[in-house]
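Below are two complexes that have chain A in common, paired first with chain B and then with chain C.
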Partner chain A sequence: MNSTLENANPLIYERIDRRQFTGTELDDEIDDDFDPREVYDHIRNIKDPEHPLTLEELNVVSESNVHVDEENNLIEVHFTPTIDRCSMATLIGLSIKVKLMRCLPPRFKIDVKISKGSHSTEDAINKQLNDKERVAAALENPSLLQVINMCLKDSI
Partner chain B sequence: MTDTRSELVRALNESLLNESSLENFILSHGTALTSPNLDERTKGIETLAGYIELLSPGSLGEIETEYLTEYLISRLSDHHSFIPIIAKSLLHLSRFFPISNKQAISIFTAIHREVANQQLPIQERFIIYQLIGSLFSSHLEAFKSINNDFLYGFIQIMEGERDPRCLLLCFDLFNKVVSSLSLGHLEEEIFAIVSCYFPIVYNPTKEKGIQITRDDLHEALKKCFMASSSFAPFAYLLFVEKLESDVESAKLDAYDMIISCTPVYGKAVSSFLGSIWSAIRFDILRINVNKISEKATQAMITVLLSIKNSPELSDKFLKEVLGDLDGALNKLSLKLFGTAIQFLATISACCDYYMKKIGSHVLPILMKNVIFDHSSEPREFLEGFNHLFRSWKTVQSNDLFPRIPDQEILLTHLLSLFDSHENHIRLIAVECLYNFVQCPFKWESHEEQALAHGLLFLTLSEPSSSDDRLRNKIRDLLSEFSAKYPDSCQKEITQNLLGKLPDSCDLTNDDLERLLRLSEALKCCLQANQLAEDSSKKIANLAVQLFYQSQADTALVKKVKKSFAECTCQIINSSNLEIFSKSILSPILKLDHELIDENLNEIVSKILQLTSSSCKICIFENFLNSLRTMQPSQDSSPSSFASSTPPTNLSKVIECIICNSSIDFSFSWIDLIQSILRHILSPDANQLIDSLAVIIEVILNKSTDQGLVNLTDFLDTQLNQFLQDTATLTPSIRIIISCNRGLVIRGGEFSNFFTNQLLNLMQNQNDELIVSTIAKNFVPFHQDFNYYNHKNGFNISPFYTQKYFYETCQPLLKGYNESTEWRKRSYALCLLNHLKNLPKTVIRDEINKFQSLTIFNLEESNAPANQMTALDCLNHMVEAHSVTLIRNISGIINRLLELSKASPYLEIRRKSLDCLTTIAKTINEITLLPYRPLVLHSLKSVLDDRKRIVRYACTVAKHHWTLIGQPV
Partner chain C sequence: MIFDLSSTLTGHKDRVWAVKWRHCGKILASCSSDKDIRLWKQSQNDDNWSCDYVLSEGHQRTIRNIDWSDDGNYLAACSFDATTSIWENKSGKWDCSLNLEGHENEIKCVSWSPSGKLLATCGRDKTVWIWERIEENEFECASVITAHSQDVKRIKWHPKEPFIASCSYDNTIRFSKEINDDWSCYQTLDLHESTVWAIDFNATGDRLVSCSDDKTVRIWKAAEDKWTCIATLSGYHNRPIYDVSWSPTSNLIASAAGDNSIVIYKETQPDFFEVLIRKEKTHTCDVNSISWNPVKSNLLASCGDDGLAKIWDIK
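Take a look at the complex of A and B:
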């Protein structure tokens, strides 16, 4: 990792409150569908590899950029790096992907993509992130896994 | 050395044991005292010093004291090693024996001539100062007779002292000397011995214990400077010199000295006005206000006050000051306007004389810029008014400056600024008026009226989107206006606001906005005005309607409710107590009882919080009496204001009041409980029982030990009778449970009064429902009941959970071991409820005993309550001491996984996942690693649970289990 920060002074956004469970969510008889907020809650507290800030605080991820299609078992997450030349974008994307793989039932297909026009090497990153084999290979690399785990450690 | 000491002690003991007189002592040790041999003499003098120290006060006559003193004085010139011993003995003699004036002078002269004080060690110098201090206090007249000789001697003895402890003593002595003796031509010399210490430079080392600080020395030195007004010419020179210094502490000390000394030195300051002002001007005209500029301003005030009685001098000086600041006041580009006006505002507030002088000079400049010339930057000048008014409001008497020039024009202009589109201008205008109103100026009635109209307009037109700061400032201004001009406020504002209140409140947002504005404004006006009964009722009625009509509790609705509750409280507190019962609670009592629960607690608790205690008691007694006199049957004739009250409503209101207020006043509680118990037999007992049980519980919890003696006996007799009857069995058991809860949480002598009764019922009752109800409620925990709160007068014993556990653990375990099926489960539930609430330090010792019971209850699929409580206990145990659970960890994990997947209850699934999380967080990785694959595999299916709350819990558990053994 570089010793100097690529974006030393990022804009910091407000955090949303913890989700409160009310009404039908506490009724055992009624099923709760997966919703974007639920998926967003899994990823919003992931730490940025460069800053002691979460992806939510840096506005890298937002609830509106999470799409859930329960019928087709599809979840799509778009993330936006703070700067368009961010070299950490792949690592951030990988962290999101791993976190969702760990937190969502295996029936879902998870697509993590970089928001359109937000990065100079957008296509390459998207390709890497959605290649199952590359992701599996990355997770077999102990040092990379350690970095990802560091980002995910306090994401609950 | 040791030999000498022991000899000395022996000699002293002998002398004292033989009750030897001084004469005998001298006869026996005379040779040593006059021996030509130095060692012998030293021994003799030490023995004599020891002897003197042991003498009780008054045991020596004048002649004996005189001889002793003479001898000791003569020894001072003998050898330098005798000085400390002799000084100590002389100090003792001077404190406890009659030394003559002549001898006092001799002692001082001998010290002055024979002792090179500054060459002595610190301890010995300290004794010398103590000796001089003691002699000076007791022989003042003698020293006055040698006035100048004493002063010379004192100067020489003290000169060059550097030890802080000695200095404190010296400064104190200096004060006494200067205030008692005439300084004559020695003023400067005397002043010089203390002036050399100014400013104090002292950095104490960081040692433990009480230390002398720089401030202590500075304060002591300040008193020396203040000791005589004749020091003024030398002192001011010194202060001015230090004011020019670049060292911040020196400047601060110099200002501090000026602030303290100027009132003592009086007009002497007149010769130094120019130089002091130069230094002050330099320090105050700084853009950043700091400690120095604050001190400089204070110093200026002191200087001005000291020359106030010389009009010519003060006018001349003020002219110079104002002339120097004219540039800063007129040229905004210098950026010094704010600091200059703030300075002038502060100094002008020191008395009405300067208020008039400075005000007459500054106000025309501000008026010219704000009103007549329409400056492009009105904000700066408005701030100027603000500074002046803010400072002037503290001026107590104002005979010289009753009205400011063009007061009416200024008022009209400030009111016209309310129309400004710029929020900050409106903000400053309101703030300016707020301070203006508080100033001691006289207002014409039409001015009061104009301001009242302006305020009314501002209150009613204030948009909802307006700045919170502006809104608060308007409220403050209104409160201030109503306090200062209550009649105008009542006539012009309050009546108008009341007229605009609707008779009933609709809940459209616009109405609510308007209601909020009105109630907030009324609240301010009510602080000084008392309302007519009709108006009070109207407000209270609206408050009640609001609390009961609003369905959606949005932030706005909450604000309106709060505001109306506060208004009502003000009415109640201003002695209109009837409003509470007639207009607030009576309508509540007539409502449908289902509506009561939702809002009653909110309104009653809010009102009780803000109501004064004497009012609370009156309110309380009214309602308690109503309940006491209410008959259980429908055709009864209850008391006056609760005549048409359904009993359920009344009991709920009383429950609410009793929970939110202390009951430390005398009332016939037994009568009340008797009345409550009569209702058990009534047809609506089922609806009433919950409230009535809580009322009794709260009475027991809040009563004194003395009161409890009769209450418990009475309840015991009554409830035992009810237990015999099958019709009243269930309600009476519910009351016993409540009583037990109130007393256990209260702690003390009566804490387990009803516990044995509950244990007996659990053992002997054959109704499963009754036993399980008792089991569920057997272990009370105050945090499960939101009304338990120290603030509301509840008694909550700090260790009641442990105490109750140890008191009931044995009978519960016995019952558990001896019973079967549902009764066994009930005992288990009691024990688990105990464990759940025990502090971690206590549960640690009990884990071994209760581990199997907890794990066994996890299997009780027929008893979900037991399963849930067992999961709570397990979680608690893992957190408290996970090591003890390791031998069973495999079984525990398997059981938890099974529960998280298969239990039909979401709470059980969630709690088992929480347990898995706690296990992953607390037990070491090596132990858990073998179970990791199994857990992760099993949790995969739970991730797809149909309840979101379970999925969230599963995510957390899986996250922690995933990280076990992973590189982090």
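Take a look at the complex of A and C:
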């Protein structure tokens, strides 16, 4: 993997500050809604499969590309691969999906898609990420699951 | 119209992928990512449905689908582990009598022909396999149909004629039959705009219903071996539609979707279909499969990602 990096010198973006919790959010007695920032915090520290950098530092994910519809239990995340031919795009999307499936209540429908126009095969990748049966089968593959878990390590 | 919950079946430890009634209408089978098949029966004293039998250790991975033979003595199950198991009822006990291997990877569906002599399987390797029963406990692969260009999601034998319908991630439905000693595709329906998740024939076999990731249900009609779309039912689901079931007794169609809802349609005039009822929140997660009871026309079974199977009373 090291000898032929697809994107050897990616642009590195600044990390956002730690979230400041409000009084009501720290109060376990109060039910507060999920907001995009809370969802974003779950995914911003996922590691890129190629670089020792986070998806936030590579600008693959951003808070403005996270949409939460609490009433209908919908969460939509758009991510932007660093280059438009990135062969890791499906793996990155899968990592985001797995992280959110593990962290959020099961009532949420999680849609992970490539930002419009940012990848040469975005329709094919979106279709694959959206196919729950194929995602379920992929996650039963031990070697793939190991790669995903490596990306998710330390992402909290 | 009444759409009441009659029974909630708990026991599976993971998402439930499929439910299917035995032809007698007295046993419901369900299969799950927990690698078990459960058989549910109504107890004699209190009418409640409960787990009567667990068929386990037949597969290494998710059991994706199941199908009863017409005589009810065999249950076939297919798995992401690339094998199909045949379970046989021997004086009340269920044993795995056979394991069919051949597919490269995940098998998505299995279907018995009405005669019980043929079995079809399909999967992610884009193929449909036709298995022929040579002897009681021996199957041989009679053909591998390679018509689809992607993952084949579902297969269904015609209720009367010796042909098979399959649907796929390639957005098409295809019909295959035996021509000159080999099985091949002779017609393709390509109106759906995304993955076709499921298909079902009506009792006489002159209609087919299909459902898709494009959030529509389509009704197809056969005239002299040619299938045409006579109705597109859209706007009733807002997430992918994972299953459809055409009741052999009441002629009603039910669809189940990723929006947790079930919709029931009726043919109110020839070739004209209307929604009778849309039931929301039937499960707390995606509804993966539904099945009309073949004897008691009011009973509909469903199952979902919430790990539950449910039986509904619809009148």
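Side notes on the structure shown:
Here is the rule we go by: the second predicted complex is superposed on the first by the 148 of 156 C-alpha atoms of A that agree within 3 Å, B and C clash if a C-alpha of one lies under 4 Å from a C-alpha of the other, contacts with A are read in each partner's own complex, and residues count from 1 in each chain.
Note that contacts are C-beta pairs under 8 Å (C-beta built on N, C-alpha and C of every residue); 3 or more make two chains touch, one makes a residue touch a chain.
From a predicted model like this one, the values you see are computed outputs, not experimental measurements.
Applying the stated contact rule after C-alpha superposition, one finds that A:I156 touches chain B and leaves chain C untouched. In the superposition on chain A, A:D31 makes contact with chain B only, while chain C stays out of contact range. Judged by the number of chain A residues each one touches, B leads among chain B and chain C. Judged by the touch definition given at the top, the superposed model places A:D41 against chain B, while chain C stays out of reach.
Once the two complexes are laid over each other on the shared chain, residue contacts for A:Q146 go to chain B alone; chain C is not touched. Of the two partner chains placed around the shared chain by superposition, neither chain B nor chain C is touched by A:L11. Look at A:R134: by the touch rule set out above, it reaches chain C but stays clear of chain B.
Common to the chain B and chain C interfaces on chain A are residues 106-107. Of all the residues in chain C, the ones that touch chain A in their complex are 15, 33, 61-62, 64, 80, 105-106, 108, 124, 151, 153, 169, 194-195, 213, 239-240, 258, 284-286, 305-306. The touching residues of chain B, when paired with chain A in their complex, are 904-906, 940-941, 943-944, 946-949, 951-952, 955-956, 958-960, 962-963, 966-968. For chain A in complex with chain C, the residues that touch the partner chain are 106-107, 109, 127, 130-134, 136-137, 140.
Against chain B, in their complex, chain A makes its touches with residues 19, 21, 25-26, 28, 31-32, 38, 41-42, 102-107, 142-143, 145-146, 149-150, 152-153, 155-156.
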